[in-house]
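What follows is a short report on a single structure.
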Amino acid sequence: MKPIVAVNFKAYYPHSFGEKALKLAESAKRVWEETNVKIILAPPYTEIRGIAKYLEGSEVEVYAQHADPIEPGAQTGFIPLEGIRDAGAVGVILNHSEHRLKLADIGWLIKRAKKLGLKTLVCADEPETTAAAAALNPDIVAVEPPELIGTGIPVSKAKPEVITSTVDLVRKISKELTILTGAGISAGEDVYIAIKLGTQGVLVASAIVKAKDPYQVMKDMALKALEAWEK
Amino acid sequence: MKPIVAVNFKAYYPHSFGEKALKLAESAKRVWEETNVKIILAPPYTEIRGIAKYLEGSEVEVYAQHADPIEPGAQTGFIPLEGIRDAGAVGVILNHSEHRLKLADIGWLIKRAKKLGLKTLVCADEPETTAAAAALNPDIVAVEPPELIGTGIPVSKAKPEVITSTVDLVRKISKELTILTGAGISAGEDVYIAIKLGTQGVLVASAIVKAKDPYQVMKDMALKALEAWEK
Amino acid sequence: MKPIVAVNFKAYYPHSFGEKALKLAESAKRVWEETNVKIILAPPYTEIRGIAKYLEGSEVEVYAQHADPIEPGAQTGFIPLEGIRDAGAVGVILNHSEHRLKLADIGWLIKRAKKLGLKTLVCADEPETTAAAAALNPDIVAVEPPELIGTGIPVSKAKPEVITSTVDLVRKISKELTILTGAGISAGEDVYIAIKLGTQGVLVASAIVKAKDPYQVMKDMALKALEAWEK
Amino acid sequence: MKPIVAVNFKAYYPHSFGEKALKLAESAKRVWEETNVKIILAPPYTEIRGIAKYLEGSEVEVYAQHADPIEPGAQTGFIPLEGIRDAGAVGVILNHSEHRLKLADIGWLIKRAKKLGLKTLVCADEPETTAAAAALNPDIVAVEPPELIGTGIPVSKAKPEVITSTVDLVRKISKELTILTGAGISAGEDVYIAIKLGTQGVLVASAIVKAKDPYQVMKDMALKALEAWEK
């Protein structure tokens, strides 16, 4: 097992699209080559195919940012899990605080993703809802207090008890489930604390995507993750 | 503790409204007086006040059918939990298969209902999602495979393993949480089996609400519930 | 034809519920008796039946605050139009800025309400969307710039051109359709201007519902409405 | 002006994705080269960039299937209009019957698309709602009775009066707005009738996307469109 830095590209413009998005993928690949930390990238739907193609041969993983609870067919403006996989993603984020899902739909999507060989990363806002997500058997859960998202105030400093409570509650349901810390993660130090508090890594967005030098931020986070991991 | 017959009035017309709704409340009161089984009634918003007033002094409980995740204030066409309580309800059904909620909203509503002294009954469609609901600490969960709702094919006969798996998964999370069986419950016998499979009672709708003689069906269910309960 | 003061109770607590809601109805009845201005009250679902009963024999009209696009039947936590009518309402507000509806659903609801003998008041945010609403043949449209709702800054002063453009666009589609002005209406003077700008009256909420003396505010608005109307 | 064949790829699997999607674009390009009919393709988000790149230099236009009413920024799993344009689309379908939008959001999206230089094609289900859409000033409207979508029963035969009423109502609001006929369009003959009834062309999906030979169906439709157009 390795520490994880998961990067949600969100929909910043122009940062999350086209050339800029590809550039983020290049940085991620370089950081992976240099540190061997596990990196997950979640670009917008429009960029999945290009980025997945670029990353072929590397271990950097591409996830979709969201999935709707639909099957392929007469569906307009929705991408079914089959389409996400066809575009080259190996997983999908579900229930991000900016795109909440119904409980029943999260359950359905996790089961269906499993059948299709796609991994699932389920976000939640509190210890209890993260435990609820854990009860649905996803591959990864991420706890993200929504009031800290995008603030630059890391949950690992502002509300460490949210993380430790989450770890406690989730561990009662699953011993093995991967847990990530999200919301306000800005620097390597935040990643270090997140791992020390008992999670396997972080879910980050603006701190990397909108950085002047995304490579540097990602590299710093990866190195601190390793440092925390090895101690 | 007593067995439970919970009756979702839904929105049948004219059955669930006005005189007819009041008549259902009268039948429920009579069955409670005669059997002492715990009866929960969930009428439409428009009928809560009248029915709650009629039932004052009895132990028949009135729940709202749904709540939206809103606070009182500048909200149009939504009833906040405070309004539900003001009208005389003592609890609320959340996440019925005909009105699914987002995971985060179920979590928020349960916490807020608790603060306001309202009970919560959370529906879910499968063992895993019911376990997830249990992780949010409601007062009652009900497992209802949606494909059986309204069919008259009782889940207790068609899919008993859904109930037993649910009981197993929920009991890992909470020893005490009340569990109900829903979907297709049509007669006293279905209630009997539901209790024998390890749940405390049933969530019923059309079999009572659209019955020629709702009193008879409710009475039959209550008696069979007692029979199963006492053995 | 008479000028209109429509009062959206919203979901203020305790103002919009129970005794307080009934008190608002009493004030409305008194103002109607004294001025003969047309008054529409839109209480929460839980209060419709009680208020409609109280107002029997008066010309004050009760509307629901919202309707969902559903037929009676196996529906949980939604009130079909039949239920709204059964509770005593004679109309329904659709597409309030706090409860927006899909275009197709507004169309469906207007047609169905017409069949059931219910009136419809459709809110919209701008001249173009109000014209679009007019194309669906409701009984009343109300233009309410959402950024002014609840501010106490009346649209009739802050953005009179929104009202006049709306009147222009709507009149191209219908010569007769009743048009109301909403958002920020606080006092009789705002009602006066709203009518002078070519609409038939106002849609108000907090200025009346949360007033120390709702009767006085309503009376003031009704008198100014008459004054503007007669000139 | 030229007749239009607009092709909604929907989310058929594998038809609407990857190689198959590109193949559809090749066929469209060939039909355009051979007939000069205006062709609009609406692939899933994941295919927009690849297909738009392939079609560079042709006049075949790429539209997104849907847009959500969001601005770029901290948005997860939504593609803002800026991202749609960045991927190479020149327009967007709004309010398809499989992805309905709120009235206010359609208004907002049309205004914003206009600012960004993107065209809008708004679907609606009936004459009145199509007229309402027209009042919002999009570039194209398409009337599609949902009950015929995907049936192979062309609206142009089954309900020609829906089309003619739509044309009548829309023309009262705009003399110039492009109107398309959708739902059940299966063959060139249906396109011929659609144009004869007063619309500029068709919105098609399964009849082309799931055809054994999409090129042949598209070519047939384009030729019949020209035939109807020139008479």
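Note that the chains are named A, B, C and D in the order they appear, and that numbering of residues resets to 1 at the start of each chain.
The rule is short, and it goes like this: contacts are C-beta pairs under 8 Å (C-beta built on N, C-alpha and C of every residue); 3 or more make two chains touch, one makes a residue touch a chain.
Predicted, not measured: the structure shown is a model, and the values here were computed from it.
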Field: Chain pair among A-B, B-C or C-D whose interface repeats that of A-D, sharing over half of the contact pairs by residue number
entry: B-C
- prompt: Could you state the distance in Å from the CA-based centre of subunit B to that of subunit C?
  reply: 35
Statement: CA centroids of subunit B and subunit D: separation to the nearest Å works out as 46
Query: Do you know which subunit B residues sit against two or more other chains?
result: 97
- prompt: What pattern do the touching chains form: line, ring, star, complete or other?
  reply: ring
- prompt: Each pair of chains that touch: what are they?
  reply: A-B, A-D, B-C, C-D
Message: Looking at the complex, which residues from subunit D come into contact with subunit A?
response: 8, 10-14, 16-18, 42, 44-50, 64-67, 70, 72-80, 82-84, 86-87, 93, 96-99, 149-150, 205-206
Message: So in the complex, the part of subunit C that touches subunit D is made up of which residues?
response: 95, 97, 100-107, 124-126, 128-129, 131-137, 169, 172-173
